[in-house]
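Next come the structures, one after another.
Below, chain A partners chain B and then partners chain C, in two separate complexes.
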Partner chain A sequence: MTETIDFFSGFGANDLWFLAEAALRTLWISILSIAAGTVLGALCGWLIYEGKIWATLTLTPVLDIFRSVPLIIQLVLFYNFAPIVGLNLDPFASGVVILTIYTAALVANVARGGIEAVGRPMRRAARSLGMSYWQDMRYVVLPIGGRAIFPSWIGVALGVMKDSALVSVLGYVELLKASQILITRTQEPFLILSIAGAFYFALSFPISRYAAKLEERWAQ
Partner chain B sequence: MIEIRSLEKYFGALQVLKGIDLTVEKGEVLSVIGASGSGKSTLLYCINGLEAIQKGSVVVDGTNVHAKGTDINKLRQKLGMVFQQWNSFPHLTALENVALAPRIVKGKSRTEARDIAERQLRHVGLDDKLNAYPSALSGGQQQRLAIARALAMEPTYMLFDEATSALDPELVGEVLDTMRLLAEEGMTMICVTHEMGFARDVSDRVAYFHQGVMEEIGPPEQIFGEAKSEHTRKFLANVR
Partner chain C sequence: MFDYNFHWRPVMKSLPDLLEAGLLTLQVATLSMIIGIVIGLLLALSRMKKTGPAYWLATAWVELARNTPALFQLFFFGFGIGAFGIHLSPFAIVLAGLSFNCAGYLAENFRGGFQAIPDTQLRAARSLGMTAWQAHTRIIIPQVFRLVYHPITNQMVWAVLMSSLGMLVGFRELSGETQFFASRTFRIFEYFAVTAVIYYAIVKIVLGASRLLAMRLFRY
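Take a look at the complex of A and B:
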């Protein structure tokens, strides 16, 4: 056997730290996008529910597009074409913008369903007590509809967190991109992808457990 | 005083109220009877402005309900309403259900609202259910909760829209008893009902609605004893 020059080095403690940092970036981009996307989506869902004709005509097809086109295509298109209209966004900002709109497109449907779930008789009862439209929204529709759609919303949020891995194609070093970098160096894809998977699990599992706890408490 | 003048209401092309004239004085208990689809429930919804009207007017204590400048949220505080479906807020306890509107609509403090809620729940006989969620209450209890919730706004008038129609037969009594109690206390009430016994015993006047028209109105002895209208007699013969 002849000695070969070793270009690769094994997986070390530093690399674990590197992955942990990347996991935080995944968490950060997800929290930002889910929060902004939820607010935007709730607004869109409300507009569509209220049946404002221009909202139905403009919003519904736009949201359909963002719901239907694969996220990776949206990301690449936006990142490469936004500069043409003068938007010079870095990979992180581009990722947040697209993930936010994508989340909003999913949440809009869920939110509309939530308002519908409350039902006209319940809302009339609230209004008959002298509540204004917004008081009814805030104290009756939001808590009742919110609880009805909470499981779906958690599903959307966890999905978006996992889908944030796609922002790696723009070069933002989140969990998946960091794993790819380490795999290139260590040539240990099995180990590193397992660790990355464990990080994703560690991010989503507590959320879904906490959500299940909340649902249990509300169900009483 | 509630004054209804030449009230007309359409759902699309369908006319459900065909010119209603009716005055309800303070302290009066009026029962409204008639077949389903006769427009009697719609009348209640028009009185508190939950439904728009196409012609005529509804005036409550001098305020035109459907006029442009009317503060309808303010006016509705005078008009408590109880629905066929009780519509308790499922995420709130009985106490919170009743305390919510006094707190957010009338701006009462939490303690004040709590006191009001406790008093009203005792009023309808639910003082042992203060912290129960609606899901733990029977239909009759939830309907009494709905009555307490409406009373908590200290309304001048109470509108009952078939308050017992959705209840199991054995639960009807407790709700009717609560409504009787209110009548005895002098509350002004308009009760759309299928409970002929209640209409006969409790009402000062009974109105019979037929296909969007108020066919006949008068004291219960007259309506149940010697109704002038053929329709009224037929209807009463069928429900008995």
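Take a look at the complex of A and C:
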């Protein structure tokens, strides 16, 4: 029986490095999509807030779709749809596109709430001091509204970081996919999954704690 | 650009099967929510006493559930605990993973709900001659329930969306069934497009039902 066991090699230091590299890829795809998605989402939130009727009628339902369909379905759908219209995207690019739109759909709601959090009187006061619309946006709405929604934005960002694990279905080797590859070879699922979980936890826990602290402090 | 021929007929032929799988999705989501609410309540109560092993256990559960990807949790129940010789059926894997996740998220909502009700209410109820049980079931719980109703609805929607991960552990709910048909016919895009529509419908039905129920429950 020993021959068959030799076929699988145990978990070694190299594999830890392999997992760490995969964790960096998770981080990279998350940062990219969160950054792009936040910009896009803030733009959408602003458009919806400004309430030009066509923006509300078109944008709101579209963003709603991205929030009501499982991310995994969106990923598979887009990955198979892109070649139909002549785009040849690799798993990474497809993942970034969908994660970006998904982030934007979530951030749009948050951003709109942020603009609403700045009271009308405050905005009027800013305008009556002679600020232009954009000055009002930049020096009044951004600092006050941004502060109000910062904790929920962190929540969205962490959610997207965790959901980036789903890009593994397209074959992109991020943390969870890497752990699956190692499990197939080493046959040590418990150990390897624990390490992968610890990586995610180490990325997410401090930030969520920090956000909770901020929220507590700002609530006073 | 469009040299792809859409074939919807096979999808339409298997539509009854997909709808049936949609019911299974709804079923596993509902079951996991029921389990999640019960465990979440216990976790919230254990976390409100700031000491003891129950507090640490509950805190570990909540933080693990909230700071690791749902897919990771599913894999853990899928083959992580297989290392100890425990092998669950795909249905049990999804149910355990979703319940674990829902309980963690709901616990925090419940804790916030309980903390929002001032202590004085309990004392006032007691001084009116109510027993502790009466005070809780008639004064505290109804108010907490009203506060956590909306978060529970949101979590239910998440449970429906998360159950789609079942397809990665071999569970044939809506996504798993779709993948099964798609890989048999190679009509991946068509199948997943229809499935996306079904998910959207399920989410809207859940939200609508929740709103109707809220109108009935919170009439005054």
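Criterion: the second predicted complex is superposed on the first by the 202 of 220 C-alpha atoms of A that agree within 3 Å, B and C clash if a C-alpha of one lies under 4 Å from a C-alpha of the other, contacts with A are read in each partner's own complex, and residues count from 1 in each chain.
The rule we apply is simple: contacts are C-beta pairs under 8 Å (C-beta built on N, C-alpha and C of every residue); 3 or more make two chains touch, one makes a residue touch a chain.
What you are looking at is a predicted structure, and each value in this text was computed from that prediction instead of being measured.
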Partner chain in contact with A:Ala93 - chain B first, chain C second, else both or neither: neither
Partner chain in contact with A:Arg124 - chain B first, chain C second, else both or neither: first
Partner chain in contact with A:Ser204 - chain B first, chain C second, else both or neither: second
Chain B versus chain C as contact partner of A:Gln135, first or second or both or neither: first
First (chain B), second (chain C), both or neither touched by A:Ile181: neither
Partner chain in contact with A:Ile144 - chain B first, chain C second, else both or neither: first
Partner chain in contact with A:Leu16 - chain B first, chain C second, else both or neither: neither
First, second, both or neither for A:Leu43, with chain B first and chain C second: neither
Comparison of chain B and chain C by chain A residues contacted: C
Intersection of chain A interface sets (partners chain B, chain C): none
In the complex with chain B, residue positions of chain A that touch it: 121-122, 124-132, 135, 139-140, 143-144, 147, 218, 220
Residue numbers on chain A that touch chain C, as the complex places them: 65, 68-74, 76-77, 80-81, 83-86, 158, 162-163, 165-166, 168-169, 176, 179-180, 183, 188-191, 193-194, 196-197, 200-201, 204-205, 208
Contact set on chain B toward chain A in their complex: 45, 48, 50, 73-74, 76-77, 79-81, 83, 85, 87, 89-91, 100-101, 104-106, 133, 135, 146, 149-150, 153
Touching residues (chain side chain C, partner chain A) in the complex: 1-2, 4, 63-64, 66-72, 75-76, 79-84, 157, 161-162, 164-165, 167-168, 175, 188-189, 192-193, 195-196, 199-200, 203-204
